[in-house]
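Pasting the structures in now, so scroll down.
Shared chain: chain A. Partners: chain B in the first complex, chain C in the second.
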Partner chain A sequence: MSLSIAFLLAMTFLISVGGLALLVWALANDQFGMGQQAAETIFAPGEVGEVEDPATPSAARAVMQNARKAAHQASDSEELFERTIADQSSRMPVLFWLSSSMVWLLLGSVFGVIASIKLHLPDWLVQEAVLTFGRIRPAHLNVVAYGWASMAGVGVGLWLIPRLFKTALVGGHYAIAGGLIWNAGLIFGTAAILAGLSDGLEWLEFPWQTDIALVIGGALAAVPLILTLIKKRVGHLYVSAWYLIAALVWFPMLFVTANIPNLFVGVDQAMLNWWFAHNVLGLWMTPLGLAAAYYFIPKIIGKPIRSYGLSLIGFWALALFYSQVGLHHLIGGPVPTWAVTISIVHSVMMVIPVIAVAVNHHMTMLGSFRLMLYSPTLRFVVLGAMMYTFASVQGSMEALRSVNTITHFTHYTVAHAHMGLYGFLSFVLFGSVYFILPRLLDWEWPHAWAISLHFWLVFVGWGIYFWPLTLGGWLQGLAMLDPARSFMESVS
Partner chain B sequence: MTRAIGIIAAAAIILLFATLMIVIMPSMQTQSRSHPSEGLKPYSEQALRGRAVYVSLGCVYCHSQQPRDPAQAPDGIRGWGRPSVPGDYSYDNPHLLGSMRTGPDLLNIGARQPSVDWHLAHLYNPRAMVPGSTMPAYPFLFEVMEEKSASDVELKLPEAFSPGHRLIAKPDALDLVQYLRELDRTYSVKVIPTLDKSAPAATEAQP
Partner chain C sequence: MSHEPRDNPAQHREQREPEELHTPIGWPLLVVFLGIIAWGAFYYFHDLLSATGATSEAGDRRSVVVVDPTAKADGAAVYAGNCAACHQATGMGLPGAFPPLAGSEWVLASKDIPIQILLHGMSGPITVKGSLYAGVMPAFAQLEDAEIAAVLTHVRKSWGNAAAEITADDIASGRKAFADKSTPWSEAELKDKVGAP
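After this line comes the complex of A and B, so read on.
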């Protein structure tokens, strides 16, 4: 024990000194100095002040522009022309990843509904092992996490790349091949879970053989990012690009390490498990969602983000703090207390990047919230960004020992997970898709009312899901902690 | 491009550092694989097969296997056992610590319910043994008895829950029950982790 304490002290000291040196270097080299100039990277010269929302019918768009009340100069028409070409350069790979993700979303939702009904009717669909709750639930999780959220996130990322680098996508066919292999991995993995061949670790249920398909597929999807990056025609990498690049570094590191069979057993394996499970949210899905929100919010309303320097601080703080929160899933468990404490501290520190992101997302919107009335894309993305703030602050609170003692092992946690993956990520992805498809296909959404209907259905559905489950989970936790009440009282 | 390489390198280093802090360092301390608790027995062949059934049917999504410290939660009073220690899990691969308690903790189910008949009836219809239970039924672990051979284990259900014909347990059911019966960490361990030094000692809170 004393060895580990000495090690921790030494590490803390070295890291502080290293961090300080990095800060001095960054200041000396003007790394934060690009300031507001850099926030305008995503606009063509003269384009600031112009709303862009292909999902809104042109009449409503004129009203939007009017409501925005910003004077804008004539945009650089050459750059806008090149952007039109760049927008469509990613057509096939983006369409492939996005349409695949929608199929998985539908399938994953069916699994989710079945699992949910089963919690109420334990004698429903019990004749076959393939339909038992313990298989439908992980099938739901893996399909929505790796089928819907990851595939849609990669699709949106592939479309953002030409826009962020201001050049046509290079090597799109690699991403199509990657998508095919990724889908194959998902099909085999989901079938394996239903057939009872799960690896048994939460978030890592796919047998390791099918994980190889996801690794190869994901690597191929990353090729266009690298190739286009080399050809980029923009001086500064906008913050969305930072998130995309980092996500593509982190995901393979996490996924490969966590899926190596027999690396650890027992509690060591549990620590690796939760290191992965929370990082796949924090360092893979969150960056994909934030990259999209950081692009679409300022772009739609034609206003650069509030503080560019803050967005970079938010990025590095997310990397530093999010990467170490995993063990808050084992509070009270048989693992070293100091390690759990590290995770709790970092969970609370997450407030820093969350505030940085919140300032940028919400303060940029200040004065433009009215535009949400007209733009369905904006409605989805802005609400998703708000849910990110909410989910993150909730997560920080939930990691505190006093709160966690109540919420751990209950449906409160399940509600929180849906707050993040549905409230935040899926809302942002829905909005992104509504923006992207018209640009990609040079086409307009035929029924504006259907987009509104979609919004209200998912919003009300989210409310029906989240609030009762949060409250119920809390009551479940209180009942479980009260020795005078039987365990049955906590679950029935 | 330099900026991109910088981002890539820094991102990778930060994640490696995090891995060092919350996976490698603590696992060097616990050494699950090589340091089993003194009283811990390896699972029998049959129990290992049963463990695979437990994994395959996803029992872990509702049942944890990690009683908490009495200072934190009344797990001990509920009969779930003393707080577990890393050495209790040395033969667990995959680990089944769990994250939900839609059902009770099972780390010591073998000690508090050793009856094969009870477990079989409970698996066939949980509500036959625990009124109001929300656990799914597992009728597919049983088959209709044609003619009884010596090795068959017949399902014994209360009259009210009888399906009207005689059933025997399939091998999967017997293996699973054997695994549940071997879930027993009631031996004492030298170090019981304490949440907080000022909290009441472990022994005081136990019944």
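After this line comes the complex of A and C, so read on.
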């Protein structure tokens, strides 16, 4: 490795670590000016709708203050009013994105099941090229990633925005238009994959022409975020808002860069491919899921999040370290060693934000775990948050060369992918949908048993999927590494 | 939006909007963070030092077989490196795709036949042990004479096969016999020009 590359690498690492150290220092010294008091002025329960008119003489203010304290009930009804306004304003766009996502979830799952059966019965449905594994599998991936996870994530995000900013959603019709265009992009993209017109890069199979629809649709969905942000009626942005804003900034940057045709070729293209593919998980889907988890956990148990400092570390460490981890998908490939090394180091650095978020979520839950028995939303979301911790730590381990030699090219990776996208993100999204829909549709869930059934089916189903593939994948990897055993033995 | 806010029971039951406390991060967690950063720095510099000047550690080294051209070629190693991917370590091939070498009449036939298959490759239908295969067998003319001789001897004496040894000289004369041939053999052509098994 040449000295200049080594220097650049050292800088990447040092800048990220330095940024984090600065953050911890600033927190320790309360540089944000967001001490206990500041945060509570905006947030604390009895003070919603606080008398904040600077022109009021202080004596008068104190009197009004006391009056308000006495009429505690009033603050609740004020919150209730804000919440009603928020939900009314986001109703149509949220319903549109969520219901679209459910259609895609169904379709994507059908593709998934077909692909899975094909792994057992390779001769099933091979008469038509459309139905072959090489087309069904990428169709599955793109439909669940961009159809289900992204659309449901945006739907939940659109619902969170007015709630977080305590104001009506502004420009909801842009989001509806965006949803229509996004759906059109998905339809054409999926059809193109099935017709064999794939771009041939994993996670980027949609032809670039249809990607334009996703870019426009996504941009339109971000318009209400910005318009509402301008009108926000809170001084301090709650952590969920940071993740939402960041996700909606990062995704277009990633998606546009990665889809410009012929920007890179050869090894560079592979590197761009995995830079994108991992970031779409880490800088798009993960923040969407975390935004929801950060909102619903305290919301349902009625306790504040444990530590603002941990929220900050969790967010900024993710922002600093995640974007360099993609090349851990190419360990052992024909890419420069230094690039792989930096991706491995940063993959392990990701343990920092993951622990920060995990401690923040689970310490908040401490003492309230019993509530998971009663609230389906909580059950899905908290379990999802636990799976986030698990998936991420597992991912960091998988990035180590010694582990990756075994797990790469095996079902272990596939199990990990479903730990992340299913166990974490989909669980959180399921929980969110159970919370959101009654508030938008003005009805109650008619059958509690159906929700329980749903939970146990996905929980058990996911377990049947994850554990055998993890274990089998590991054995498969060991068998492939053993020169004395034939390749067939590793897959049979 | 100017809808009249409706009364929704779910909204009544809700807890307040979430907020954050300011519980300090706590030193145990900071120590863990520092440990992770220290590991990162170590891994990075370790890798940096070992990678400078030395040959790269990266890469998939599982199937690399280093064949010393001066030494007597090792038939088993040549087989593992060049043939096992298709004909499998067991010599049994893959049903329907790659024919077996164990017990194959083509392997056990007069030595010119396997030699010519290796030097020029084969394509199109071929019947091996009563089953029909139709694939492409690449040519291995790029290997040294000693290597081809060693791998064929290995194949002819493994998995219950027992046929005569093949020498590097046999390969050299095999190369001369069809020096002008540039296309792979078909079953019919092989039978016609070299002999039937």
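We take it that the second predicted complex is superposed on the first by the 423 of 492 C-alpha atoms of A that agree within 3 Å, B and C clash if a C-alpha of one lies under 4 Å from a C-alpha of the other, contacts with A are read in each partner's own complex, and residues count from 1 in each chain.
Just so we're on the same page, a contact is a pair of C-beta atoms (placed from the backbone, for glycine too) under 8 Å apart; a residue touches a chain by one contact, two chains touch by 3 or more.
Model, not experiment: these values are computed from the prediction.
Visitor: With everything superposed onto chain A, say whether chain B and chain C fit together or clash.
Guide: Verdict on chain A: clash between chain B and chain C.
Visitor: Please indicate which partner A:Ile300 is in contact with in the superposed arrangement: first for chain B, second for chain C, both, or neither.
Guide: In the superposition, A:Ile300 contacts chain C only.
Visitor: I'd like to know which partner A:Gln88 touches here: chain B for first, chain C for second, both or neither.
Guide: A:Gln88 sits against chain C, while chain B stays out of touch.
Visitor: Which partner chains sit in contact with A:Trp456 here, chain B, chain C, both or neither? Use first/second/both/neither.
Guide: After superposing on A, A:Trp456 lies clear of both chain B and chain C.
Visitor: For A:Leu9, decide between first (touching chain B), second (touching chain C), both and neither.
Guide: second
Visitor: Does the superposition put A:Trp467 against chain B (first), chain C (second), both, or neither?
Guide: Neither chain B nor chain C is touched by A:Trp467.
Visitor: Touching A:Gly332 in the superposition: chain B (first), chain C (second), both, neither?
Guide: So A:Gly332 meets both chain B and chain C here.
Visitor: Between chain B (first) and chain C (second), which, if any, makes contact with A:Val17: first, second, both or neither?
Guide: A:Val17 contacts chain C only, not chain B.
Visitor: Who does A:Phe487 touch here: chain B (first), chain C (second), both, or neither?
Guide: Both chain B and chain C are touched by A:Phe487.
Visitor: Once the two structures are superposed, pull the chain A residues common to the chain B and chain C interfaces.
Guide: On chain A, the overlap between the chain B and chain C contacts is residues 1, 332, 334, 337-338, 342, 401, 480-481, 483, 487-488.
Visitor: Over in the complex, which chain B residues touch chain A? Could you list them?
Guide: Its residues touching chain A are 1, 3-4, 7-8, 10-12, 14-19, 21-23, 25-33, 55-62, 64, 66, 68-69, 72-74, 77-78, 83-86, 88-104, 125-127, 130, 132-140, 193, 195.
Visitor: Report the residues of chain A in contact with chain C in the complex, numbered from low to high.
Guide: By the definition above, chain A touches chain C via 1, 6, 9-10, 13, 17, 20, 24, 27, 35-36, 39-40, 43-45, 48, 79-81, 83-85, 87-89, 163, 166, 168-169, 172, 238-240, 294-295, 297-302, 304-311, 313, 331-332, 334, 337-338, 340-342, 344-346, 348-349, 351-352, 355-356, 359, 363, 401, 438-439, 442, 444, 480-481, 483-488.
Visitor: For the complex, which residues does chain C have touching chain A?
Guide: Against chain A, the touching part of chain C is residues 1, 3, 5-12, 14-25, 29-30, 32-33, 36-37, 39-41, 43-44, 47-48, 51-52, 56-60, 62-63, 80, 84-85, 88-90, 94.
Visitor: Residues of chain A touching chain B in their complex?
Guide: Chain A residues touching chain B: 1, 4, 7-8, 11, 15, 118-119, 122-123, 126-129, 132-135, 137-138, 196-202, 229-230, 237, 241-242, 245-246, 249-250, 253-254, 257, 262, 264-273, 275, 279, 283, 316, 319-320, 323-324, 326-327, 329-330, 332-339, 342-343, 401, 405, 408-411, 413-414, 480-483, 487-488, 490-492.
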